[in-house]
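Presented sequentially are two complexes of chain A, the first with chain B as partner and the second with chain C.
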Partner chain A sequence: MSYHLLTYSLLFLPAVMLMYQLTPQKIRWVTLLVTDYIFFWLISGGLIIWMLAATLVTYVVGRVIAYVAENSTAKGKELVRKKRVILGCGVILTLGMLVVFKYLKVFGITFIAPIGISYYTLQTISYMTDVYRGTVKAEKHIGRLALYLSFFPQIMEGPISRFNETAYALFSGKELSFHNVAFGYQRILWGLFKKMLIADRLAPAVIKVFSGYENYDGSAVAVGVIFYTIQLYMEFSGCMDIIIGTGEIFGVVLPENFRQPFFAKNASDFWRRWHITLGTWLKDYVFYPVSLAKPVKKVAKSVKGKFGIGVSKFVAPTAALFCVWLSNGVWHGAGWTYIFYGMYYFVLIFIETITEAPVKKFMEQKNINSEGNVCKALRAVKLFVIVNIGELFFRATSVTQGFEMLGRILGKFHISALFESNLGMDVYDVVLACLGIIIVLLVDILHEKGVSIRERIASLRLPLRWGVWYAIILSVIILGAYGAGYTVVDMIYAAY
Partner chain B sequence: MEKLLEILEEIAQGADVRSCTTLIDDHILDSFAILSLVSELEEEFDVEISPAELIPDNFNSAEKLWEMICRLKGDN
Partner chain C sequence: MKINKNLLKSAGFLLGLFVLLLIMSAVFHRGRFADVYDRESVERKINEVHGEKDNSLEVLFCGDSECYSSFCPPLLFAEYGHTSYVCGTSAQRLCDTYAILEEVFKSQSPQVVVIETNCLYRGTSVDGDYKDGVLNFLTNKLPIFAYHSDWKNFVGSVVGTGTGKKGSNDLKGFIVRNSVNPYKGGCYMVESEDEEQFSDDTYKYLDKILKLCNENNTKLLLVSSPSPRNWTYARHNSVKNWAEQSQVGYLDLNLQNNLNIDWDTDTKDGGDHVNFAGAKKVTRFIGEYLSDVCGLPDLREINGYEEWKESCKAIYDLEK
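For the complex of A and B:
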C-alpha cells in the first residue's frame, strides 16, 4: 500500500470514509485508529510492535511528567530537574529505537526498519518535550495518543505535526462534508498529477545518469541532476498533496510541507519553504535549546568580553546552526553524503548570515535595487544552482561520486553532446514532462501571489469546473508514466 | 516598556514595533533575530528565557513580550 497507487485513493480511502461515516461520532476516532494500525500492518507487518513500543513509552513519559508537575513537593529548579530526567529517559528510549534501526548498519548490524520511524519518532519527541515545557497537556487516553502518532496519511512521509496542530481535530470525529471530500480529492488528484505525470516520467533518466555518469558528457550529467531536483520536488510535494488532501477529507488540517521553494530569496529562505515541518521541528527542538543552553551562553559571554558584541552575537546561533544541519543530514540516513548535504547548507547559511549586513550596505551605497528584476533573476539562478548541487550530493552514492559528477559538469561540458545522449526518455516524454512542469510552475506563481486556485475553480460555472477536473483526471490516467519501460517508482521520502 | 521598544526597534529595523502584532507570523523576527532579542532581554531585565517561552504567542508583539518579561520577573 502506498499513497500514490490508485488502490489507495479509489479503494482504501473510500472504504475508510464509509466506515468512518457509519461509526457514531463519539467513537469515530477509534475507526481512524484501527485504520492506522491496519495501514501500518500492510506496509510494515510485524514491525508494528516498535510503533506500539514507542507509543507506550511516549504515553508513560507524558503522564509521569504531568504527575510530577502536579504532585511533586519539589519546586523551581528542583522540579525542572526532575521533569528533565524523565524527559531525557523518554527521548533516549524513542531515539534509541531510531538509532538501532537506522544507524547501527554503520557497524555492519542491519535491521529492517519500520516504515515511517523517522517521522513518528520526531512526533514522540515533540509531544514529550511539549508536555515537559507545559505547552501541551498530557493525553490521558493512550488510544488517542496512538492516533495522533500514527494517523495513516502521515505515517510514511510526514508532515511532522505537533500534538496541538492535529490531535484535537482527529479526536473530534467531524462528519464528512461534501466540501471537504471534494476539496480533499482535488488535492489528491493534483498530487497524483505531479507524481505520475512528471516525477515518475523523469525517474528513468535520473537512474541512468546517477548509475552510469561515467558514460555521459557533463551536459547530460547536469540535465540528470536538474531532473533529479525536479523529480524530488514533484514527488515529495505531490505526495504531500495526497497526504494533506486525505487529512482534509476527515476535517484534519495537516501542516504544509512546501511553499513554492524555488521562489525563495536565498538558502535560508529555501529551507523555510522546503520540508517545512522538518525545519520547524529542528528549530524548536534543536536550534533554540542549543542556543539557550548554559554552556553556549557562557562561551558567547566570554567571546563578548574579548571580541565585542559584533562577534559574540554569532556564537550561539552558529553553534545551534551546526547542530541543526548535522541533525538534518543524519536524520536522512547513515551516510556521508547526508552529512555532507547537511554541512553544505550549514556553511551556505552561515555565510549568508554573516554577509547579510555588509551586502545590504554595499547595495545601498551602490544604489542597487535588490528588489529589481535583474537582481531577482540573478538570485533565482543562484538559488537553483545551489539547490541542484545540494541534491547532487544528496542523491549520489558517495561523496566521491558527487565530486566526480560535479567535475564532469564543470570540466567536460559540451552542449552538442547532450542531444546524442541516451537518457531513457523519448521526445514524447520530454514534451509531456516539460508541459507538466510549466503547469506546476504557473500554479506555484499563482500560489505565491496568494491566489487560491481551488476556490477559483470552485467558483466557475459547472461545465467549466468539471472540465478542469476532468482534464486533470484524464491527464493522470492517460499521460501518467505507466506501461512498458516504466515501473511504479516508490516514494523517495518514505525511505528516510 | 520604553527600553523594550528601543531593543525591538534596533533588532526589527524598519518595522512598526509599537503597533505590530504579527512580528513572528509575518517573519519580521526570524530565528536569529529572536536569539539576539532573547540575549538583550536577559541582560537588560535580568530574566532567564527558556526554550519553552519561545512561542509565537510570546513574541508576536511588544505587549506580549512585555507580559512575558513581567511574568518571568515575578517567577524569579
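For the complex of A and C:
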C-alpha cells in the first residue's frame, strides 16, 4: 500500500472514512489508531512491534520526566541533570532502533526496517525533548501519543509534525465535513497530477542517465540530472499533497513540507522551503542545543580572545551548522553520497553566511538593486545550478560517480548530441512533461503571491467548477505515465 | 437538509464523471488492435516492418527487451546472408506478439518466426498487472485506462509525426547496448526436474501463434537468450515440454557452453540483458542454426538486397 496508488485514495481511504464516520465521536480515535496499525501491518507486517516499542518508550520517558519534574526533591541544576539522564535514555533507545535498522548495514548486518522508522523516530525525539523542555505536557493518555506517532498518512514520508500540531486534532474525532472531504480530495488529485503526469514520466530518463551515464554526452547527463531534480520535487511534493489532503479530510492540519522552493533567494532560504519539517526539526533539536552547548561556548570564548569578536561570532553557529548538515546527510542513509550531500550544503550555507555582509555592502556601494529583475533572475539560475549539483550527488551511487557525471557535464558537453541521445522518452513525453512543469510553476507563482487556487475554484459557478475538476481528473487518467511502456515508480522518500 | 444537498451534488459529480469515462472509453476503444496491451508499440513495430520491401524478410524475431538486445539483423545478413527483423518491443506480451505477426504476415512471408522465451513469463493479455488493485480493475473494465496513451497516436496523426508513418529502422529493430555491468552470480542453470508453468493464457496464445505460423507455412522456433537474471532450469523444462508436445524447435542458449558468453564483459546490466558484445555471439549462434538446421539461403549475392548491405555498414561503423 502506497499513497500514490488508486487503491489508497479510491478504496482504502473511503473505507476508513466510512468506518470513522460510523463510529461514535468519543471512540473515533480508536478507529483511527486501528487503521494506523492495519496500514503499518499491510506494509511492514510483524515489524510493527518496533513501532509499538518506540511508542511505549516515548510514553514512559515522557511520564517519568514529568514525574521527576513534579515530585523530585532535587532543584535547579540537579533536577535538570536528572531529567537529562532520563531523556538521554529515551533518545538512546529510540535512536538505537533507527541505528540498528538503518546503519548497521555499513558493517554488513542488514535488517528489513519498519516503514517510516526515520520519520516516527524524529517525532519520538521531538516529543520527549519538548516534555523535557517543558514546552509540551507529558501525555497521560497513551492512545493520544500512539495516534500522534503512527497517523497513517504520515508514516511513510512525513511530514515530521510536533505533538501539539496534530495529537489533539487526531484525538478529537471531529465529524467529517463535506468541505473537508472535497478539499482533501482536491489536494490528493493535485498530488496525483504531479506524481503520475510529471514525476513518473521523467523517471525512465533519470534511470537511464544515472545507470549508464558513460554512454551519454554531457548535455544528456545534464538533462538527466535536471529531470531528477524535477522528478524528486514533483514526486515528494506530490505525495505531500496526497498526505496533507488525507489529513484535511479528517480535519487534521498537517504541516507543509514545501513552499515553492525554487523561488528561494539562496541555499539557506531553499532549505526553509524544501523538506521544511526536517529542516525545522534539525534547527530545534540539533542547531540550538549544539550552539548553546557549553564546550562550543568555551571554544567561541577562546577564539574571541585570540581573533576578536568578528571571528568568534561565527564559531557557535558554524559548529551547529556542521552538526545540522551532517545529521541531514546521515538521516538520508548510510552512504558517502548522503554525507557529501550534507557537507555540500554546509559549505554553501557557511559561505553564504560569512559573505552576506560584504556582498550587501558591495551591492550598496555599486548601487546595484538586489531586488531588481536581473538580480532575481541571476539568483534563480544560481540556485537552480546549486540544487541540481546537490541532487546529482544525492542520486549518484557513489561520490566518484557523482564527480564523473559532473566532469562529463563540464568537459564533454555538446548540445547537438542531446538530440541524438535515447533517454527513453519520446517527443510527446518531453512536451507533456514540459507542459506539466509549466502548470505547476504557474500554480507555485500564484501560491507565492498568496492566492489560494482551491478557494478560487470553489468560488466559481457550478458548471465551471465541475469542468475544472473533470479536466484535471481526465488529464491524470489520459495523460498519466502508467500502463504499457511506463512504470509506476515507488515513492522515493519512503526509502529514507 | 444541507447534508442531503451536498450528497446530491457529490452523486451528481460522480455520475457525470462516470458518464465522461464511458464516453472517453468508447472513443479510445475504437479502431484496430482492440485486444493488445501496448497498442502504441504494436503499431510502431508493424509500421516499421511495413516499411520493408514486401516478402523480403526470412526471419522475424519476437519478444521483449531480451529480443531486441540479443538478435542483430544487420550482423545476421552480413555474416550469413539472412534477412530478418526484430519485432520485439519493451515488455512485449504474447497478445501483442500475436497482433504483430497477424499484421506482418500480410506483407511478409518469413520462413522462421523466433520467439524469445522471456516474454512467456510476462502478462499475456490486455489486463493491467499493477501493484494497484483498483487501477487493475479500472484498466480491465474501462478502456480509457487501458488505451489512454492513444492520445499520442491521435496527436501524431494530426501533426504527421505519429506511429502511423511507415518507416524501417536502420538496425532492423535491434538496439545497440554498449555498456558493461558484469554478472557475478556464478552458475545459474542448475539441472532439476522442476517446472515453472506458464499461465493458461500463455498456452492459449502460444497455440494461436503456432496455428498462425502453420497457416502461413512458417516455422516457429523458441529461443531462450542468455540471461542469469531471468532464466532458470524450471523455466527451461516448461518451455522444452511445450516445444516437444507441439513439435516446435527450442534452443536454450543458457545451456550452450560453446556460445562462450563471458559474464564479465557481455552483459549490460548484471546478467539481465546481453550487450552488443553478447548480442554478436548470440546472433552468430542463431545464424549457424538458421543456415545449417533451417536451411535458409544466403541472399548476400542476390540482387535486390542492396539496402541490406547499407545496414551492414551501420553495424560495422558501430564496431569501429
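The rule we apply is simple: the second predicted complex is superposed on the first by the 496 of 496 C-alpha atoms of A that agree within 3 Å, B and C clash if a C-alpha of one lies under 4 Å from a C-alpha of the other, contacts with A are read in each partner's own complex, and residues count from 1 in each chain.
Quick note on the criterion: a contact is a pair of C-beta atoms (placed from the backbone, for glycine too) under 8 Å apart; a residue touches a chain by one contact, two chains touch by 3 or more.
The model shown is predicted, which means the values in this text are computed figures rather than measured ones.
Asker: Do chain B and chain C fit side by side on chain A after the overlay, or clash?
Answerer: Chain B/chain C on chain A - fit side by side.
Asker: Looking at A:44, would you say it contacts chain B, chain C, both, or neither? Reply first, second, both or neither.
Answerer: neither
Asker: If you stack the two complexes on chain A, which partner ends up touching A:94: first (chain B), second (chain C), both, or neither?
Answerer: A:94: touches no partner chain.
Asker: In the superposed arrangement, which partner chain does A:277 touch: chain B (first), chain C (second), both, or neither?
Answerer: neither
Asker: Which of the two, chain B or chain C, is in touch with more residues of chain A?
Answerer: When the residues of chain A touched by each partner are counted, C comes out ahead.
Asker: After the two structures are laid over each other on chain A, how near do the C-alpha atoms of chain B and chain C get, in Å?
Answerer: Minimum C-alpha separation, chain B to chain C: 37 Å.
Asker: Which parts of chain A are in contact with chain B and also with chain C?
Answerer: No residue of chain A touches both chain B and chain C.
Asker: Write out the stretch or stretches of chain C touching chain A in their complex.
Answerer: Touching chain A: residues 3, 6, 10, 13, 16-17, 20-21, 24, 37-41, 90-91, 128, 130-135, 138-139, 144-146, 148-149, 151-152, 155-156, 161, 178-179, 268-269 of chain C.
Asker: For the complex, which residues does chain A have touching chain C?
Answerer: 2, 5-7, 10-11, 178, 211-212, 214-215, 426-428, 466, 469-470, 473-474, 477-480, 482-485, 488
Asker: Mind listing the chain B positions that touch chain A in their complex?
Answerer: Residue positions touching the partner: 27, 30-32, 35-36, 38-39, 49-52, 54-55.
Asker: Considering the complex alone, what residue numbers of chain A touch chain B?
Answerer: Listed in rising order, the residues are 132-135, 268, 272, 283-284, 287-289, 291-292, 297, 300, 313, 316-317, 320, 353.
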